[in-house]
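What follows is a group of structures, each given as structure tokens.
What follows is chain A paired twice: with chain B in the first complex and chain C in the second.
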Partner chain A sequence: MTTLWSGLADGALYALVGVGYNIVLLASGVFNFANAQLIMLGTYLAYFAAVTLKLPLVPTVLIGAAAVALIAVAEERLAIRPLMGRRDSHATLITSVGVAVALDGIVLRIWGSQPKSVPAPLSSKPLNLLGGTIEPTALLLIVLVIVVGVGLHILSKKTMIGLGSLASAEDREAAMARGVNVRALAIGAFALAGLIAGAFGVVVGSGTYANPGLGDNLALFGFVAIAIGGSGSQIGSLIGGFATGIIYAEVSRYTNADWPQIVVFALFLLILLTRPRGLFGGAVERQV
Partner chain B sequence: MPVRSWVRLRRPAVALVAVVSLLLGVVAVSGATPAGAASKGTYTFLYSGDFTGATMAYTQAEVLGLKVAIKQINAKGGIQGRKVVLETQNDQNNPTTAVSLLEQKLTSGQKPDAMYPGGSSEVTQALLPILTRNKILGIDATSSDTLNNPKKYPYYFGDSELSEQTVPPYVVEAKAKGYKKVGMIYGNDVSGQASMQGFKTAFQKAGITFVSASFPDTAVDVTPQLEQLKAQNPDMVIFSGYGVPTLYILKSRAQISWDVPFYADLLSGAFPIVQNLPASSLHNVFVETSKPFVAGNPAAVGNPVLNKFVADAKSLGGQQVLNNIGAGVTAVGYNALVLINYAANQAKSTDGATLAKTLESLKKANAPVPWLSYGTKSQFGNFYYTSKNHYPNVFPSGFIFQGPGTYNSDGLFVPGTGS
Partner chain C sequence: MAPTTAVSPPALPWLRSARPLMMLGLGVLVLVAPWLGLGDYWSRQFILIAILALVVSGLNISLGYAGELALGQVALYAVGAYVAGYLAVSQGVTDILLCLLAAIGGAIVVGFVSGIPGLRLGGWSLAMVTFFLVIIIPNVLDLLSSQTGGALGLSGIPIPTIFGAQLVGDGFYVFVIAVTIIWFAIFRNLISSSHGDAFLVLKQSPILAATLGISVYRLKLLAYVVGAIPAGIAGVLFAFLSAYISPSSFAFALAFTILTASVVGGSQSIYGAIFGAAILQLGPERIASFQNYSLIVYGAFLVVAGLVFSDGIAGLIRSGLSQARRRGWLSGAAPIDTVGPLAVADAAVPTAVDEAAVGPLAGATTVSTPADETAAVIGDLAGEALTVTELRKDFGGVTAVDDVTLEAVPGQVTALIGPNGSGKTTLLNLVCGFYKPTSGSVRLGQVELGGLAPYRSARAGVARTFQTPLIPKGMRARAFVATGRYISHRVSMPASILRLPSFWRGSRDSDAEALRLLTLLGIAHVADSEVASLPLGTRRLVEVARALAAEPKVFLFDEVGSGLDEEDIQRLEEAIELIRRAGGTVVLVEHNFPLVLKIADRIHVLSQGALIASGTPSEIQANRRVLEEYTGSSDTADTIEELERADAAPGPPPAEPR
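== the complex of A and B ==
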């Protein structure tokens, strides 16, 4: 059971990255590859606020959320917006990879290569739960990621902002003609993704440490999470992320290090081949 | 058009993400120092290492050691009258990048006289064929025994212990404590595999059962791997990792409340564990340290070569490196150039092939020996290479097990102190 808890905690990280990808994807149609690096930046800001400035938990979370949201907005304005009118839809993906690399370099320059300890918001004494052990903060991470994922799913389906985002992503020009402020939605999506990434800095960093390799380690599995769950589906991101984490942990428990990635990516390929839109991706109508 | 049909428009983008994801691992930015062709008047030493990645702290230490050696050698007129010049290339600990950067340098006529071919066994392994082809002398601090192959790599020498050479003290410890089964958890890379193989062979030879579990370098948690090991009920566990994996191991150990003795190998032991974990997580945790770099140890006290080394390192702005990484890692850079200089003085030559042959038959140095690491009288080991062994000879008596600690202002290990 401890392995299952471990898989759920890792899966929560992958799901969190996938949720961030989907927020921007749903509102603007852009795949923001730098989202995992925004989460990594959130862990460093949590370290900066909690350890360097010695601030209590609430200001630490608020500073992280606000700062990463601002950086995400800056990314949208500087690296994404100028390319939005172009026919080449892949250009924004390339620039978001550039932002990811830049963020890796910035944290290395500021904080160096040694990992930094982020104080846990809850006790570090493991809980005995359902026959296994898990740290309270890891449990909190699992719960918070589920709450955020489900909340965003409801937001995208039941509110005008959510529906406007979907319309904007489907046909930017048509949405604009209908009075949807697509620029505001795009900025809002980046800000929201950054806000969530920054706010999670404490709970993520207390488990993974603030370390410069974190973004790269999470990015790929976050992508696997939405590819399995279905791009554009927040519920799919959650299920894809947790499934990836659990499978990875269980395979790690009973085999050597060669197998977990092979098994996860075999599943990834199987789903892409049999359900190219992911488990929860909608069917596509063909124009004839 | 249905609301969700936008996704169709993004499918090429999703495919591109997959490609970018796979390529990201090989994307690297060259940080090579602009270099002119090595002139006959200078002796060019090229360092290939990770200047911007996760192992950058070790690079800083090794480069500091090289700079100290260069300062001291140039103050005495250089290597056979040639002033030593340090050039660097940022391989980001990526073998592909390292090979590409070195090939660029060679094709543009900038062949170095000697080099430090990488901060990890993976990078060194990739560069050695190029060194051999171009008869470039190479010395660095890798630990994989596959690299100790003088027939295949006649111009390459190691200046720190092979993994297998650090193992005997663990076997002595296990026997002394009466342990019957030993476990090991390690990172699944060339260094980790070499370390595991060394331990496995030694323990099995000693009649002690050996079990292991490995984790990939993308892991953000190693609890499942520790659970796997715990289920096999070892009496002691050896752990090996580079940087944050070391923390994941001890953090997961605390989570599953596993209190059998945990011993760091040299790789994990060089990491500042106590700065990142509470004392409660470090109960029954030990690190293997090298006596000549332990504060207050008779092997370190009063060593004039070490004292001069530390003073010069500080004068070159290396205080922070000494505090964070310690003098032991810094010394491997220093030793590389000191050994080349010693061989050059003996051979009266700076030719790479000649120096390689000379290194295989170095004359015994008088105490205090000019290099660091194995005591002033070589009582814990030596660099007297042979045509069959291009790695140092290391004696188990040079190592000691202690609780995790920190480094003092001279870069010497102080056990059992945290910050």
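== the complex of A and C ==
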């Protein structure tokens, strides 16, 4: 059970990245590779606010959320928006990878390659729960990610903002013609994704530390989460993330350290081969 | 009768034909550099540049030409290095040619394993699968530590041999440079062949590629796997160069270096890989403090490059050359490659602009091809009957095509008319395979098309044009028309790479055929112009030529007349008449009612997805229901007049197809 709990805690991270990808994907059809780097940045800002500035929890979370949201909006403005509506779609692939690489570089430059420890917001005394042990902060992470994922799912399916963003991701021109403010939605999506990434800095960082390799690692597993769950499905990304985390944890329990990554990779390939749209993604028909 | 206009010569013909020779000369110069006084330091630098250039060129094929971002060149590079390392250290195989063969085989296998799942969806999946491939390198090496040395690495890789002789010093240098030259010759031959044109189409419009009968998935996979080959080769060269390899040589940061080198040099270029590799190899090493900022600089560079000069150094050189030409500093015809604004605006260009642009071009031609003279030229078209039986397509609760039954027979023009949203284009998409029918059947001759993938429909003999012509940027008309023959008159990749006689024959025939068809349509004067920058009317005619080049069994023309001026309509009519006389099957979806009445043999009228009338033009003209449908009025004489007036007015700009 302890393995399961640690799998869920890791899975929550992957789900969180997947949820962030989906927010932007649903609103503007762009895959923001740098989303995982935004979460990494959140952990560093949590370290900076809580350790360097010695601020209490609430301002730490607020600073992280505001700063990362700002950076995400800047990313949208500088690296993504100029490419929207252009024909060669792969340009955003390059620019969002560019933003990710630059963020990696900035973090390394400022804080160096040694991981920084982020103080846990809750006591670090493990809880005994359902026959296993888990740290309270990890439990908090799991709960918060589920709340955010389910909340966003409801938001995207039931509200005008959600439906408008679906429309704008589907067909930018048509949505514009219908009076959907495509640009505001895109900015809003990046801001929201940044806000969430920044706000989670403390909860994430206390488990993973603020470390410069976090972005690349999370990017990969977050993508596996949405590959399993189907891109665009928030609930799917929760399930995909938790499933990946649990599989990783279970495999690491029984084998040496090399296997978990390879098993997850094999699973990823298998999903792409058999259900390329994910377990919860619908088929999309092409039109001319 | 041939058009009187002279076909403008390709821009800077001497430069185009001389470029490969210039590059070859440069390569030979580098090859013999040790005897020209190249020191040890620089010969090692040159080797490292060559190795990086090989890896980058592989990425250029998949990213620049097939349009798929792959981050896994590092992994394929590692495969090459470890295959060579293992063979040399554990098996005592030092023959570098054997090692190269084995490494290429290994890279191809890994290419397929990652490419087959990675390309299923397009977009980011390949990037992520290959990203993962790089991340698990240390794990895999660790698991195979008895062969690879695990985290400690593989040391003591012996000096390579070739035909029993040791390759050291200058010998190794010459070998590396020679291999690099050979690879770039292969790469260049592949790209400047019909396959290179197919890659261009693939990258810019998968829909057009499928319409040409190209399996998008397979061609992308092929491009990606071909791109794996130079990475494997580079790995072997690196292993023998450094005599020691370890997981740290293949870290993920290298993937960013490779991507940056590709973008710096210009992903969609052949020799750009060499420039990019040279800059990345020499630049960072010169500046000691660069290491601290390298990631930030690479990242910022990728953003800027993605936004501004997506064609890299190669693109800058290209545009510099055309600037120089325009100002008369260089000889050669001024090229029509002002790709940017016109091509981007493609769909948004209002009709008025197109008509204005037609002016000078149309004035230059005095062509009106008499049908009977050219009928002999087009040859017989083996048209087949297209039979649609109770075809139905539902989107959710909306029925877009409602149990339609109709037939188009060879030697006739079958028109499909109806108001916007009546299901005409949906019907075409069902025939082409872009949609799967909910029920009913579509047959071409004896072949059932319903539910076939688009490229299979195309191969079965369906050719179509689009409401908004789908034309890739950077392609000349004759090359574009020749893409219609890519599948039907296929020249194999090995033949293209080795420039075998079949390649020369194939490209000569395709070129002649393309020119002949353009002449037939009276637009031979645009043969060497960039298609995307031509006026709408001419683009449509070029598309018709492209459809003809495929020698299909049925032609589907989707609103081919909209937005054309009188003269273009005239040419179009003649072209359709030609196809009809040659025995082709023509399906025409059209809004221009007078045009339809004039050239159609049978007219089918769709309304809200259902067929409401079928008949000859005069029957349809007299059909009250059709007129009501079109105008809401039932007074025959008035409405016909109204219709004709409405159609004479320029239509709205066509919508962008996706």
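The rule is simple: the second predicted complex is superposed on the first by the 284 of 288 C-alpha atoms of A that agree within 3 Å, B and C clash if a C-alpha of one lies under 4 Å from a C-alpha of the other, contacts with A are read in each partner's own complex, and residues count from 1 in each chain.
Criterion: a residue touches a chain if its C-beta (ideal position, glycine included) is under 8 Å from a C-beta of that chain, and two chains touch if they have at least 3 such contacts.
Quick caveat: nothing in here was measured; it's all calculated off a predicted structure.
Undergrad: Should the superposition on chain A be reported as showing a clash between chain B and chain C, or a fit?
TA: They clash: once the shared chain is superposed, the two partners overlap in space.
Undergrad: Tell me which partner A:91 touches in the superposition: chain B (first), chain C (second), both or neither.
TA: It touches chain C, and chain B stays clear.
Undergrad: Would you mind checking which one, chain B or chain C, touches more residues on chain A?
TA: Result: the larger residue contact count on chain A belongs to B.
Undergrad: Regarding the shared-chain residue A:214, is it in contact with chain B (first), chain C (second), both, or neither?
TA: first
Undergrad: For A:31, using the defined touch cut-off, is the partner it touches chain B, chain C, both, or neither? Pick first, second, both or neither.
TA: both
Undergrad: When the two structures are overlaid on chain A, which partner does A:201 contact: first (chain B), second (chain C), both, or neither?
TA: Touch status of A:201: no partner.
Undergrad: Quick one: is A:99 in contact with chain B, with chain C, with both, or with neither? Answer first, second, both or neither.
TA: A:99 contacts chain C only, not chain B.
Undergrad: Once the structures are superposed on A, label A:273 by its partner contacts, choosing first (chain B), second (chain C), both or neither.
TA: second
Undergrad: After superposition on the shared chain, which partner residues are touched by A:20: those of chain B (first), chain C (second), both, or neither?
TA: In the superposed model, A:20 contacts neither chain B nor chain C.
Undergrad: Kindly classify A:7 by the partners it touches after superposition: chain B alone (first), chain C alone (second), both, or neither?
TA: A:7: touches chain B, not chain C.
Undergrad: Which of the two partners, first being chain B and second being chain C, lies in contact with A:236: first, second, both, or neither?
TA: Touch partners of A:236: none, neither chain B nor chain C.
Undergrad: Looking at the overlay, which bit of chain C runs into chain B, 7-15, 25-33 or 43-51?
TA: 43-51
Undergrad: Can you list the residues of chain A that meet both chain B and chain C?
TA: Shared contact residues on chain A (touching chain B in one complex, chain C in the other): 31, 33, 90, 93-94, 97, 101, 105, 108, 171, 216-217, 219-220, 223, 227, 257-258, 261, 276-277, 285, 287.
Undergrad: Hey, which residues of chain A end up touching chain C in the complex?
TA: Touch list, chain A to chain C: 31, 33, 78-79, 82-83, 86-88, 90-95, 97-106, 108-109, 171, 173, 216-217, 219-220, 223-224, 227, 257-259, 261-262, 265, 268-270, 272-273, 276-277, 285-288.
Undergrad: For the complex, which residues does chain B have touching chain A?
TA: Chain B residues touching chain A: 1-14, 16-18, 20-21, 24, 27, 29, 52-57, 188, 213-216, 218-221, 223-225, 227-228, 243-244, 247, 251-252, 254-257, 272, 275-278, 324.
Undergrad: Note which residues of chain A are touching chain B in the complex, please.
TA: So the residues of chain A in touch with chain B come to 2-3, 6-7, 9-10, 13, 25, 29, 31, 33, 89-90, 93-94, 97, 101, 105, 108, 112-117, 124, 126, 133-135, 166-167, 169-171, 207-209, 211-214, 216-221, 223, 227, 231-232, 249-250, 252-254, 256-258, 260-261, 276-277, 281-282, 284-285, 287.
Undergrad: With touch defined as at the start, can you tell me which chain C residues reach chain A in the complex?
TA: That would be residues 63, 67-69, 113-114, 116-118, 120-121, 123-125, 127-129, 131-133, 135-136, 139-140, 142-143, 203-204, 207, 252, 256, 259, 263, 292-307, 310, 344, 346, 425, 428-429, 432, 434-436, 454, 466-467, 558, 656-658 of chain C.
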